[in-house]
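Note that the chains are named A, B, C, D, E and F in the order they appear, and that numbering of residues resets to 1 at the start of each chain.
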Amino acid sequence: MVNTGDTAFMLISAALVMFMIPGLALFYAGMVRSKNVLDTMMQSFFAIAIVTIIWVLIGYTLAFGPDKWGLIGGLKWFGLNGVGAAPSEYAETIPGLLFMIYQGMFAMITPALITGAFAERMKFSAFVVFTALWSLIVYSPIAHWVWGGGWIGKMGALDFAGGTVVHISSGAAALAAALVIGRRRGYKVEIMHPHNIPMTMLGAGILWFGWFGFNAGSSLGSGSLAGLAFVVTHLSAAAAMIGWVTAEWWKSGKPTALGAASGAVAGLVAATPAAGFIGPISAIGLGFVAGAVCFFAVSLKWRLGYDDSLDVVGVHLVGGTLGALATGLLATKAVNSLGDNGAFFGNPALFGAQAISVVATIAYAFVITVILLKVIDAIMGLRVSGEDEKTGLDLSQHSEAGYALHE
Amino acid sequence: MKKIEAIIKPFKLEDVKNALNQIDIKGLTVSEVRGFGRQKGHKEIYRGAEYEVDFISKVKVEIMVLDEAVDEVISTIQEAAFTGEIGDGKIFILPAEGAIRIRTGERDKDAL
Amino acid sequence: MVNTGDTAFMLISAALVMFMIPGLALFYAGMVRSKNVLDTMMQSFFAIAIVTIIWVLIGYTLAFGPDKWGLIGGLKWFGLNGVGAAPSEYAETIPGLLFMIYQGMFAMITPALITGAFAERMKFSAFVVFTALWSLIVYSPIAHWVWGGGWIGKMGALDFAGGTVVHISSGAAALAAALVIGRRRGYKVEIMHPHNIPMTMLGAGILWFGWFGFNAGSSLGSGSLAGLAFVVTHLSAAAAMIGWVTAEWWKSGKPTALGAASGAVAGLVAATPAAGFIGPISAIGLGFVAGAVCFFAVSLKWRLGYDDSLDVVGVHLVGGTLGALATGLLATKAVNSLGDNGAFFGNPALFGAQAISVVATIAYAFVITVILLKVIDAIMGLRVSGEDEKTGLDLSQHSEAGYALHE
Amino acid sequence: MVNTGDTAFMLISAALVMFMIPGLALFYAGMVRSKNVLDTMMQSFFAIAIVTIIWVLIGYTLAFGPDKWGLIGGLKWFGLNGVGAAPSEYAETIPGLLFMIYQGMFAMITPALITGAFAERMKFSAFVVFTALWSLIVYSPIAHWVWGGGWIGKMGALDFAGGTVVHISSGAAALAAALVIGRRRGYKVEIMHPHNIPMTMLGAGILWFGWFGFNAGSSLGSGSLAGLAFVVTHLSAAAAMIGWVTAEWWKSGKPTALGAASGAVAGLVAATPAAGFIGPISAIGLGFVAGAVCFFAVSLKWRLGYDDSLDVVGVHLVGGTLGALATGLLATKAVNSLGDNGAFFGNPALFGAQAISVVATIAYAFVITVILLKVIDAIMGLRVSGEDEKTGLDLSQHSEAGYALHE
Amino acid sequence: MKKIEAIIKPFKLEDVKNALNQIDIKGLTVSEVRGFGRQKGHKEIYRGAEYEVDFISKVKVEIMVLDEAVDEVISTIQEAAFTGEIGDGKIFILPAEGAIRIRTGERDKDAL
Amino acid sequence: MKKIEAIIKPFKLEDVKNALNQIDIKGLTVSEVRGFGRQKGHKEIYRGAEYEVDFISKVKVEIMVLDEAVDEVISTIQEAAFTGEIGDGKIFILPAEGAIRIRTGERDKDAL
């Protein structure tokens, strides 16, 4: 039966997750050069549009429809047929439509996260095709595996709010994308300063705010579990900000604002799979480690030579993996009796399940993304011309300039 | 007629403008520039990557003056823009052949 | 009786609608030249201040007080006398004060929407007087007609969240204002680039987020109806983004970021009257059409020669009209038994009622706005001097500059 | 017992208060020179990080643990021991962890408010140490006095949402900080324009939005009291915007956008202690006076010669004091039977209690802040070097630039 | 060869560019500047504090021209930038010694 | 003494600076400009309205040099800024009469 309190919380949580996407647009756009600011923002905005339509027509039923062989959902809810006021089996106190759209917001933000990897060089048309297909072929299946009655969920792996489904899948896809599309012109030669760090910080602030809807909302109702997830999320973000800034203060001699913003996001990512399963003090530990580790992870790209423009791999793949594995260690039924115990609480099996879910998600997302991009490249080309890249994508792809001459 | 161009530290602009005002300079034009010189640049750090940035924010002041005013203008700027530290900037003197006030069509001396 | 879940949702919904106004300020301000950025923002901010005071003192009772002749509310709740903790007859599960302030947020944003039409040239003092009077003489009566027990509501016309009350009224007023105040200096000669499109996109993101409070909140409680309105709103916005961008891609050869943001807003506008009355698939259709139609509508101003600076007519008047009429076609009791069936569901009478409500609202808002502006012009002057317009309104009206020299 | 509606509202309220901090970062950062934009933002962001950790470990129990001598809380909840799903005695319908984190958000924003006083010249390392210690030694005790069972609350003084705890304490600390750290180089000589007023206005919009969580949320549940606090907050902000702008229009001849934003914040501050205790019409009066008074208060710094960079004293100390005293006049049991009557409603004793609470808070916060800063100065130095100050704190403290060259 | 520098009101830039285009000037370079001159500045107010701001936004147009074109360019700018109000700006004429087109290495006349 | 002004493509700035550095040029001043020339502008579209925008972002590099260094500086810039496409930009040579280092008062040769 629909409960007004649960529904109120889930309505707002859905709105909050949607608000994360403009937040992400700002977070990313502040880090690119000003000639690419609009293209970067528009990729996030347009991901909303594309995925919304795909999700309501078919993505939702593929993810949450009746399970087929543990791999994919059936077509029962094709075109939202039968999805309405009545609660679904997944959340028995909120309207079925609301569960559908809440899950849809996750489907939207996931491909938007990937855009950070190929920022400043992908053709907008290729981006559109890629996002549509990726959502169908990568996102919906993985969501089904974990949350829709598929094999990962059945195996007993825990993912409270999308550590594997959202962050690892997009992070692995980002790595694939960075490798397939290649480096930006001038990478490692020119200095590619973030053009507007306050914009990035505002984006981080919006992300943090919206993440409460993302993680606490994943309890699918209002109550103690939501409260726990809220607290774990916040503590992890705060601790990760300290972790990142401490690491860079020690390493480069300065605490940076971009580092603080990045650290917070890393902590939010790491908290995502764990939020409803671990205690507050564990959250602080997890966050601190995630912040420091992601700081070192983003510098890997310089050594390994791939150009993941905005560090989706270092933050989302690494942070998400860390969070998913940490859940296998730190989870405890003491805070959530519907959860499970992790290795530190006497149940090493959970860690195993977590590790399998991580590896499977990375492998699937990486391989399918490579194939998808290669096919798109062959058919329509992935990358703008060198001239267009130098001019900037705002002018070349959209005939717009982000900022006009002062008047 | 000469054109004086001074590259100075941004926070000295008010001082320079006021000093020039006091010696009866009635017009000047200012723009934001970035300078590269002996003053060492600074390190910038973005997500752990460190960059040595050579360019430093400066302000360029351009003033058209009559020949007889050149020395006074130069010494005034020199004094007002002085801090004694590297990077105080430069004053350049360029020859000029004429000036016109758009509004009236007045020329040269009368246009300044 | 006050229900905590309903009240929780309405408290947050009221906050969300309020947040739309700074969002609107950014949406508009990004599109003006930098010399007018503050004036543009301040008009939206100050509309909050002016209308808040007017609303609590008298506007609320004029709109929602006991009906007089179907035209206006009585003075029973003058100065909020008798409005308190107890629920009003309009919303029986939330406190009366909360219903009052929730409705007040609608009253505030409506005149703020109009400001886009006369941006970059109206005297701030004239704006203040106009906004105060318009709220009293135009907004409160129309709100009464539709929602307060007046003739439009009695006639059976549907307006879920303000298609007529908010968007058509402000859109018609915008057309009147653009005609009365005349074009900006240099219109069609100078290029008047938006000075900061990322700012406009952030504004659109905030508007979208807040619109969930606007539309889902208009169910006046938490539950299935709010869930439906939420989904319809989101789908319409997403589909309209695609509609607008597709139309412009086809017409001008490029998909633009400003187009994506504009399309989303057009879809939100079109969904407003329909949100609680139509199904999700209808919402996609409505949104797509609204996006494409509004794209063509905004270019009308170039042909017809009026200068509606920020396209209030093309987006709000056209989008609102489309949504109101579409409600007359697509509404179905299958999704909301308290609603009605539209022409496509066997009840052409609804379309008639919708059409009458649209025409009446346009006529009333347009005529009264023209008269109001002419009177204000005669008494105090509407428009800044040519010199002030060239200098920019920030310096001339407010002695401020939006942006300082870099230091 | 946990109520889903109350919990839903408090979850979102906690998120809203957290969102105020990035809002504050923007509000402040828009007013500094561009060379200090990141340092200013980062101080607010980092205050979240530092105080979160301190709060969960020890600050919460010092503030809300079992009362010791009316002065401080005991260590019962050290490290959140015993704080979990069960409601605390302070809020019986929401999870204990949620009450803890909601209060934590107040603890975070309070030192962030102070940063406006020493903006553009404090060493980042000194800021970190100061914030950590201030939170422990000043914030937690004052919160205990007022809300945690301490002497001020027992005395009968009212503080609905933190007029004394948040605004007076931070405002008094700001005055202390401005005096101890001294003026910025070039103060009163150079023109220190706000570098980006639209950023400040966006910040004000976010603050206003979040303040609904701050004030209405302070009813600790969803219902009529929250509705009242919401309305009082909004009306006070709107009226204060008019008060400030009217005063400056009369005094300087122009209504400014920065004035509108500042006035709104002043009104929000003044409403904070009063929100759940006074009626709507009183709120309008309070707001209007607060706006006008704070306008004049900010100009005091020019006469008295201290450099409170971003007017924390004029807005938070003055506005908070005004609100706290006004509560002693305007409070009435007619709107909240659990509140009290003020002097205007026959109970002058309340005004006395309010006055004592104000004086005690100012005295304690001021004195301890002076001592703290002097000690920190002696040990590690408070202020950046003259060269670093001229270069700007972004480069000198963080090796970052807020904005890159246009490309 | 001469270098013409014109300081004009920003909203006149389109007019000036178009006018120069019509007399077959094929290249020019523009920058944002702030000018100080007879045109009085404006008051700015921030939280009640009033500042007299002397600098006004202007645009600088730089054009390299052959000697024979100087007069026409000047009169064209003068006409196109004229409003008759104080602050219309100035045109300065500086001697120049050469020009090179980077792409081709062409020099002087051929480089313009 | 001469003043060299080069208008180049923005993404070539690092290259030009480094190349000049290698021939021992110790100072230069850079500013953002918008150029109009043979390189065709671009279309911009705002809500369906299309505009032909003629101005293109460029960077101006200004260097004071002694007469004997002029040729080397020019050829260095030419090489470093070259892409071979229209819009690579120009180098202008202007006569100059003097330079002063504000910090020390040194003049001309010693001031550079």
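Going forward, a contact is a pair of C-beta atoms (placed from the backbone, for glycine too) under 8 Å apart; a residue touches a chain by one contact, two chains touch by 3 or more.
None of these values were measured; they are calculated from a predicted model.
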Joint neighbours of chain B and chain A, given as chain labels: C, D, E, F
Third chains touching both chain E and chain A: B, C, D, F
Mean-CA-position distance for chain F and chain E (Å): 18
Geometric centre distance via CA averages, chain D-chain A, whole Å: 33
Between chain C and chain F, centroid-to-centroid distance (C-alpha), Å: 50
Distance between the centres, which are taken as Cα means, of chain D and chain B, whole angstrom: 44
Residue numbers of chain C (touch at least two other chains): 3-6, 8-9, 12, 191, 193-194, 202, 252, 254, 256, 258, 398-401, 403, 405-407
Residue numbers of chain B (touch at least two other chains): 11, 31-32, 34, 43-46, 50, 53, 85, 94-95
Chain contact topology (line, ring, star, complete or other): complete
Residues on chain F engaged by chain B in the complex (per definition of touch): 3, 17, 26-31, 64, 94-103, 105, 111
For the chain E and chain D complex, residues of the former touching the latter: 43-51, 53
Contact footprint of chain C on chain B as seen in their complex: 10-11, 32, 57
Complex interface listing, chain E residues touching chain B: 2, 6-8, 31-38, 54-55, 58, 60, 74, 77-78, 81-95
List of chain B residues in touch with chain D within their complex: 9, 11, 14, 34, 42-46, 50, 53, 85
